[in-house]
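In what comes next, subunit A is part of two complexes: it sits with subunit B in the first one and with subunit C in the second one.
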Partner chain A sequence: MRAWFLAAPLALVLAAFLLVPLAMLVAVSFYDYDSFRLIPDFVTTNYVEVFGSMVTWRTYGKTFFFAGITWAITLLVGFWVAYYLAFVVEGTGKRTVLFLLCTIPFWTSNLIRMIAWVPFLGRNGLANRALQGAGITDQPLEFLLFSEFAVVLAFVHLYTLFMVVPIFNTMMRVDRRLIEAAVDAGAGFWRVLWFVILPLCKPGIAIGSIFVIVLVMGDFVTVRLMSGGQSASVGLMISNQISLLQYPAAAANAVVLLIVVLMMVAAILRIVDIRKEL
Partner chain B sequence: MNDVELIAVTKRYGGGAVAVDGIDLVIPPASYTCLLGPSGCGKTSTLRMIAGHEEVSEGDILLAGRNVTALPPAKRGTAMMFQSYALFPHLSARDNVAFGLRMRGVAKVERLARADKFLELVHLSHLAERLPAQLSGGQQQRVALARALITEPRVLLLDEPLSALDPFLRAKMREELKRLQRELGISFIHVTHSQEEAMALADLTVVMDHGRIAQAGPPREVFEKPASSFVARFIGGHNVLARAQGSFAVRTDRMRLAAAGNGPQHAGQVSALEYLGAAVRVVVAAADGTEAEALLADADFHAAPVALGQGATLVWDLADEHALAA
Partner chain C sequence: MPGRLGRGLLTALFVAFVLFLYGPTLTIVVLSFQGPDGGLTFPMNGVSLHWFRRLFERQAVGDFGASITRSLALAAMVTLATVVISLAAGMAFRRRFVGSAALFYLTITSLILPSILVGLGIGLAFNQAEIDTHWWGSALGAQLTWTLPFGLLIMLAVFNRFDGAWEEAARDLGATSWQSFAHVVLPIVAPSVIGIALFGFTLSFDEFARTMLTAGTDNTLPLEILGMTTTVTTPVLYALGTASTLVSFLAIGLALALLWRARRQRA
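Moving on, here comes the complex of A and B:
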């Protein structure tokens, strides 16, 4: 009885703000609609359109592409940043300072951080002027801004820390004597990394991957802003449908996206057992 | 040829702290050596320098006549068994043992077969599939031992291998370590702060203090002829007493309770009394505060018992005194 009582507040919050809206989302995804209103009904046309349209498939393809590339780059960068913080830096004080340094970009909003790239990457931006000034290129590089390159760059910038933190966390828990034991057995730097550190950091890598993949799969602001409207993502597609008041279509899309993301998370959890991290 | 030779080996840490101060040591082949001393005496630094996990600030380390001072751990012919074992938590006992061979590029079938052989040597064949977390402390230690031995080192280095075990297991593992050392015919260098462990195991006991060797010799020699008051106190079982001519040590089991006589004696009050089973420990504090203790056979004590606070005199034979340098 007491246990139920203690669990009640969180249960109520989750019910009111997660389960009810989710149920409504699912319900609306079966509504019918025309240009002006929602028509309560139970039709599957929204889902038929989602799966029947080539646009959906292409958009999912593009979103997976962004998620995959961003995941790979944030993992690569995040792993080495975490490695440097955990194994190379000596002393807790210095480590804390460097760690805080990593979080500085998070002191401003996502939007501002993205917009900050514009004067840097634009046609007459810093990057292009520097490249031309140094004689490396003789005309502005167009792909720097409002392109897929810019989208991925912004994603990496925004989300690498989400990879660094959990990996750093697991690395700090690796017993340093294990590394010595591996060296004693004849392992060099790369083999210590491959046979000892990497397996022991799997839970952190999995958690970071979930963060990054979920964030990228659901994003629509970054893609719109950094691609200048020239690229699409599932989130952007849903956002566009909402602005056209096609709520049932957006809801159906959202339900499909939710299921896809949950399946990706389930797949990651299947590969890596993160229970010991929790 | 000697297995290990240390020549003026010094370890200085950043900030100028000297952990090991120019020690010379020769370890004969196929011997069991214990590095013994209080914490901070430099015994672990010495071991780690021999292993190659710690850089040598000055001096040379020879293994089987070969200068290995600058070589990485795996190229020295040593293997180390770490304190608290440092088993790889994600690998089974068998894979832990096979790790050294895997790093040396031995094919899977062969290295697993050899791992099984070494697990058999430490009586753990039936637990080969278990992860370290599923093994008891004693079993983990055997895995660690097998893992260290599989690369067939000439010298096995053990860093406080028994300190994490309960007393019963500790005595059992002690026998096992000695048995393995004899059977394999290699040298073991064992760091410990327990004089009991050192006496039970060692062919060569090296007592260290403040980064220097206070005394090195067979345990019997160290116990019977301690070189200094530090050694006499640390090795235990000795009273260190002073007289105008200098200090000397007398073994506590050579002291007797008796009436004051002409011979050497220590008179005072009984300040502590401990019943140890086969023996009774009697501490007598003199009027000036100096204490001496006697370890009396239980039958002798019970024939003429004393009580706490009672006046008592400890006597010994002049021949049992051992003069100390300092």
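Moving on, here comes the complex of A and C:
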């Protein structure tokens, strides 16, 4: 009884602002609509349009591409940054300070951090000036800002933290005696990494991967801002339909995205058991 | 363990990563002090506070004053609600109860659902129920679906390591359950409560993905910034970025100072 009383506020907020809205989303995805209003109904035309349109498939392809490449880069960078913090840095105080240094940007605005790339990547930006100054190119590179390159760069910039933190957490829990034992048994650096550290860090890698993949799959602002409207993503497609007031179409797209994302998360959880981490 | 070369490479990688994290933001902080004739990139055309003054001219760039006031008020409400609700739920989750697993998974789902789905769903639900969306109503709820999972996960981590013997001692000495919470549990978990408040405030202050479709007619600061990105081509955008980042840093600084004090008092 007391536990229910204490948990009730959380349950009520989530029921009102998560469960009911999700149910509404599913319901509206079967609604009919004209230019002015939603017509409560049970039609499957919205889904037929989603799956029948080549644009959907191409947009999903593009979104998977962004998710895959961002995942690979954030994992590579995040793993080694976490490794540095956990195994190379000595002293708890220094480690805490450096870890905080990595996490502080998480508490600042993502929007501002995207905008901050403009003076770097623009036509007259620092990157182009440096490249031209060094004589590598004689004309400013146009692809730096407002391109897929810029989108991936921004994703990596925003989301590598989400890899570093969970991987660092699991690394700090690795029993150092295991590593000593492996070294005493003659294992070199890479063998220790592959057979001892990596298996023990799998839960952290899985949690980080879920964060990065879900954030990229649902993104609708980074792609718009950084590609200058020249690239697409599923989230952007949904947000465009919303601005055209095509709510049932947007809802159908959203339900499909929901299922795709849940399947990706389920796939990760099948490969790695993260329950110990929770 | 890596050899000397490996350590050198990893140190270089870490330094590069930190520069990559902070470099762009530092650049726009510097550029926001451009002279009145300065542009969006270097070189600096003089140094001035011109663009910060422009922020407060209402017609120049939307409505900075009103939107930051709204964002601060909303962040304060979200912080308070996140702390109280997470703390209560954290206490509840110390023992299993009927539905605890379901509630836990629901909270995790709230964290990992793409924000646009949550925003769209809440917008549709309010629309169908014919309730107007407001930043202090529907957007408040939308932001809680984002901050509460962080709050609950922090509380769960804390209570996992919590020694129940302290409370038993309090009870043996005749404390009521409220007294043992207020005088024993709360002081011990205080640092984590500060952490939850930091998450609640900064995540709310910068949130736009779940707020966008739920805030109604009045913009919060991030929504104002989002609108400006396509229309404003002067350093006033950077001044806004600098101001917003400054608020975040004040919040982080305050939280760290409180944590440091709490730690010293305990020592």
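Methods note: the second predicted complex is superposed on the first by the 269 of 278 C-alpha atoms of A that agree within 3 Å, B and C clash if a C-alpha of one lies under 4 Å from a C-alpha of the other, contacts with A are read in each partner's own complex, and residues count from 1 in each chain.
Basically, a residue touches a chain if its C-beta (ideal position, glycine included) is under 8 Å from a C-beta of that chain, and two chains touch if they have at least 3 such contacts.
Nothing here was measured: the structure is a model prediction, and the numbers come from that model.
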Next item on the list: Please indicate which partner A:M217 is in contact with in the superposed arrangement: first for subunit B, second for subunit C, both, or neither.
Entry: second
Check: Is A:I242 contacted by the first partner subunit B, the second partner subunit C, both or neither?
Finding: second
Notebook entry, point to check: More subunit A residues touched by subunit B or by subunit C?
Noted result: C
Check: Between subunit B (first) and subunit C (second), which, if any, makes contact with A:F168: first, second, both or neither?
Finding: neither
Check: Regarding the shared-chain residue A:L178, is it in contact with subunit B (first), subunit C (second), both, or neither?
Finding: first
Notebook entry, point to check: When the two structures are overlaid on chain A, which partner does A:Y84 contact: first (subunit B), second (subunit C), both, or neither?
Noted result: second
Margin query: Is A:A187 touching anything from subunit B or subunit C once the two structures are fitted on A? First, second, both or neither.
Written below: first
Next item on the list: Identify the overlap between the subunit B-contacting and the subunit C-contacting residues of subunit A.
Entry: 183
Notebook entry, point to check: For subunit C, which residues count as touching subunit A in their complex?
Noted result: 1-3, 6-7, 10-11, 13-14, 17-18, 20-25, 27-28, 31, 40-42, 81, 84-86, 88-89, 91-93, 95, 97-100, 103, 106-107, 109-110, 112-118, 120-122, 124-125, 127-128, 141-142, 144-145, 148, 152, 156, 198-199, 202-203, 205-206, 208-209, 213, 222, 225-226, 229, 237-238, 241, 244-245, 248-249, 251-252, 256
Next item on the list: Under the touch definition given earlier, write down the residues of subunit B that touch subunit A in their complex.
Entry: 51, 53, 72-74, 79-80, 82-84, 86-90, 99-100, 102-104, 147-148, 151
Checklist line | Residue ranges of subunit A touching subunit B (in the complex, touch as defined) | finding: 175, 177-178, 180-187, 191, 195-196, 199-200
Next item on the list: Quick one: which bits of subunit A touch subunit C in the complex? Just the residue numbers, please.
Entry: 2-7, 9-11, 13-14, 16-22, 24-25, 28, 38, 77, 80-81, 83-85, 87-88, 98, 100-102, 104-105, 107-113, 115-120, 122, 124-126, 129, 157, 160, 179, 183, 189, 192, 210-211, 214, 217-218, 220-221, 225, 235, 238-239, 242, 247, 250-251, 254, 257-258, 261, 265, 278
